[in-house]
Amino acid sequence: MPEKSITLLEVAALVSGELIRGNPEGYIDGVQTLAKASGLQATFLSNRKYKADLETTQAALVLLSEKDEVPEGSKFAVIKLANPYVGFALLQQYFHPLKTSSGTIHPSAVIHESVRIAENVQIDAHVCIDADVEIAANVVIGSGCVIGAGCVIGETSILHPRVVIEKGSILGKRVIIQSGTVIGSDGFGYAWSGSDFIKIPQVGNVILEDDVEIGANTCVDRGAIEDTIIRAGAKLDNLIQIAHNVDIGERSALAGQSGFAGSTVIGKGCQFGAQSGVAGHLKLVDGSIVGAKAGVIGDIKEPGMVSGFPAVPHRHWLKASALFDRLPVIWDKIKRLG
Amino acid sequence: MPEKSITLLEVAALVSGELIRGNPEGYIDGVQTLAKASGLQATFLSNRKYKADLETTQAALVLLSEKDEVPEGSKFAVIKLANPYVGFALLQQYFHPLKTSSGTIHPSAVIHESVRIAENVQIDAHVCIDADVEIAANVVIGSGCVIGAGCVIGETSILHPRVVIEKGSILGKRVIIQSGTVIGSDGFGYAWSGSDFIKIPQVGNVILEDDVEIGANTCVDRGAIEDTIIRAGAKLDNLIQIAHNVDIGERSALAGQSGFAGSTVIGKGCQFGAQSGVAGHLKLVDGSIVGAKAGVIGDIKEPGMVSGFPAVPHRHWLKASALFDRLPVIWDKIKRLG
Amino acid sequence: MPEKSITLLEVAALVSGELIRGNPEGYIDGVQTLAKASGLQATFLSNRKYKADLETTQAALVLLSEKDEVPEGSKFAVIKLANPYVGFALLQQYFHPLKTSSGTIHPSAVIHESVRIAENVQIDAHVCIDADVEIAANVVIGSGCVIGAGCVIGETSILHPRVVIEKGSILGKRVIIQSGTVIGSDGFGYAWSGSDFIKIPQVGNVILEDDVEIGANTCVDRGAIEDTIIRAGAKLDNLIQIAHNVDIGERSALAGQSGFAGSTVIGKGCQFGAQSGVAGHLKLVDGSIVGAKAGVIGDIKEPGMVSGFPAVPHRHWLKASALFDRLPVIWDKIKRLG
């Protein structure tokens, strides 16, 4: 059900690319994968795994990188650009703009009288908003969300259904949170008296800066004393654990099921693979890359990739892992030698 | 509080077994473990760990496999069958049938006027159902569930409280989803422009085929372009991450906290241990078995079990793991040699 | 915004410490970290990582252990005590007492007529409570919680928003559960018939004893036949998986994203690191300590720490891990030798 279209010339401008082949006035009406595109749909080549599909694609337009060759005998239009994946993202945004506020507040929402709500805010059914919350313009709050006292939700932020934002949390502009995520739960803080755990009240807050996005069923604990901070543009996937007082640097990307123990400070532009973990009270330099399932137990002082548990430089881990697999052979050899 | 009973003859028929000992007209009124069964309760022996309990059980009836010996001096009735664990499941289903719809819709539910609801549907308090949703007969939707626009919920499906089904998701018949699970959250898709993450709108849907069951607080992301699919009869445990465009094969079983990265295709009848993970864009053949905590980073082309990270054939991993433990000894030996 | 103050003499009594330096009638009005404390705030030294901050802290009072030296030239008051971290916890509890019930029941809550509610219970908006539930005095039930039929919630317990307690669950006194957590979801129980999974009805319940605390988005499955039990004073972090029939011993502490497979019995005073896992049907002795990311696949019969997967004694694992890192060197050496 295409509802929109765009000419090839407009696509080239949108993605900052060059129309190499095809009619500038021709148009496309959607985006699909190389294998599935047909009719007036555009597609792109980014992951080399799918290169063979370029030979057979039925797409009307393909976004290619500057070095990609156009297959002989192919008929599709071609736009070349620096990064076809970015072009694809921009084109998808054209066809599928982000959800915007309907500007309506459902009567079943329970909103404390002290809450300040700016213009054009959407609040869906069964939402609860406690005292002194401040909601900026164009915010969308999905069904069943609960927002605790004193929270601030910045402009154009989107909370999917059933998100909980505990008291005192501060969300910047254009923050997006998927369903089921909990922001501001108590950190896991107890002092052992010798016979009992004594709960340490968790009195810090959570700050999510502008353009932070968080997946589904993720947990960001409130700080113990100071705040837990996710800095501007950081992206978090699903089912992630952010413990109290963690500080995630700008534009860092955290994959699903990764975990970050208390008071750890992550630099800018870091990347974390799925199911990776970082111990508490560590510092990871800007540009740290942590492989899937890795476990970091010491500071990272140089940018680059680490893997394994305890994490070591990635190349190192690759070599050692290959040999782990050969331990029985090594052992046999040693027995023969010795 | 037994409310039901069944004769031994009926049990034998129900479980396709043979009554080896005991009065066919005698009856049982419930099921318990070997250690706890008493009075008129039945039990079963399946896990060998509990074999010693067979000597002392006070059960009225024990389901045994054909090769199990009946202990001397024991008095319980005996039904032998191919698989006592299956017999136990069937007997429990007799005593504890699945929840069925009460046929009532709570007045606090917020249901868009365009929603089509078939006969005998139960919708509990504080549910929200958006436009153009289609709900088939006998469905149960627990308190606080949120169902997005255009979803289809197939016959006799059960959503426990606080499940979120985002727009466009298609659920087959007899689907069961435990509380807190999110179906159709945005996949983790961004293109890096060199200075910023550009969000890729996630416009695929989620399809859960017939008889799929999903545990609590699990996440199934919607597809980026095409759909994410969980095929018929697949069973997913709690806290699992299913990324965009994953395809889980029929009757595969995924244990708790496992994770599946984007676009990976899992065959039929596969099994995944707890906390295991599979990297993106892979294909795992039918009958693949992945051990607990394993990490799969390449295609699996032959059925069988793999373990470790990077995952290797299970027997291989067992041997290498045993030697890992002996690395200090190996090292000492090498130092002496060299 | 300090609202409370306490004299140094009162602090010494509260934390069972001795005022070594400072005016007993002087007072403090809050607690901060060594680095951030100023004005009339107290602080403490516990983690050695922050010892250098003792030289420069602007705190009015520092809690120190008996063996800590007071830096020369420092001006802050000093209270010495056995465990400054416990002192900090007690002082924070003084300034930030736990949430207490407002005693009000929101009119949007849907509460079955058979529910028994003791005095001074707070039930927030959009809560659903099913038949025959029993709620003791001073309980707080946050917005959007769902409580199934026949549950018991003990005195002074606190459920944060959007917790689900499935039918038949029994919660003791002073239980605290963070948002999004699911208690009593069905265990992952199926019998494989040779062609299909047959669902085993999960008919056990969940028991959370007194003083149990559970983090956000954690799952505690109901028992298959018998109950799942979390014993008195046990503390669970976020995103933890507790499978059916697990038994967690008194005052054990489970860190985030750890997982416990079915029927495993954990002793008293055990500790589990983040992302650790324990296989099913095991017994772990009192005082077992399992390192982060470790995987336990056999019984633990002696107290002490294990690490790795399969888990081995921690010191052993440390040595082997260090050598894992040197496998390429070991291999080179062997090749030269042989």
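By letter and in written order, the chains are A, B and C; residue numbering begins at 1 in each of them.
Note that a contact is a pair of C-beta atoms (placed from the backbone, for glycine too) under 8 Å apart; a residue touches a chain by one contact, two chains touch by 3 or more.
Predicted model only: the values in this text are computed from it and were never measured.
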{"item": "Copies subunit B and subunit A - interface residue numbers shared by over half, same or different", "value": "different"}
{"item": "Cα superposition of subunit B on its sequence copy subunit C - rotation in ° rounded to nearest 5", "value": "120"}
{"item": "Averaged-CA centre spacing for the pair subunit B and subunit A, given as whole angstrom", "value": "27"}
{"item": "Subunit A residues counted as touching two or more neighbouring chains", "value": "108, 126, 144, 162, 180, 217, 239, 257, 275, 324, 326, 330, 334, 337"}
{"item": "Partner subunit B, residues of subunit A touching it in the complex", "value": "31-33, 36, 47, 49, 83, 85-86, 88-90, 92-93, 95-98, 106, 108, 124-126, 142-144, 160-162, 176, 178-180, 213, 215-217, 233, 235, 237-239, 251, 253, 255-257, 274-275, 292-293, 321, 324-328, 330-331, 334, 337-338"}
{"item": "Complex interface listing, subunit A residues touching subunit C", "value": "108, 110, 126, 128, 144, 146, 148, 162, 164, 166, 180-182, 185-186, 188-194, 196-201, 203, 217-219, 221, 225-226, 239, 241, 243, 257, 259, 261, 275, 277, 279, 281, 295, 297, 308-310, 312, 316, 319-320, 323-324, 326, 330, 333-334, 336-337"}
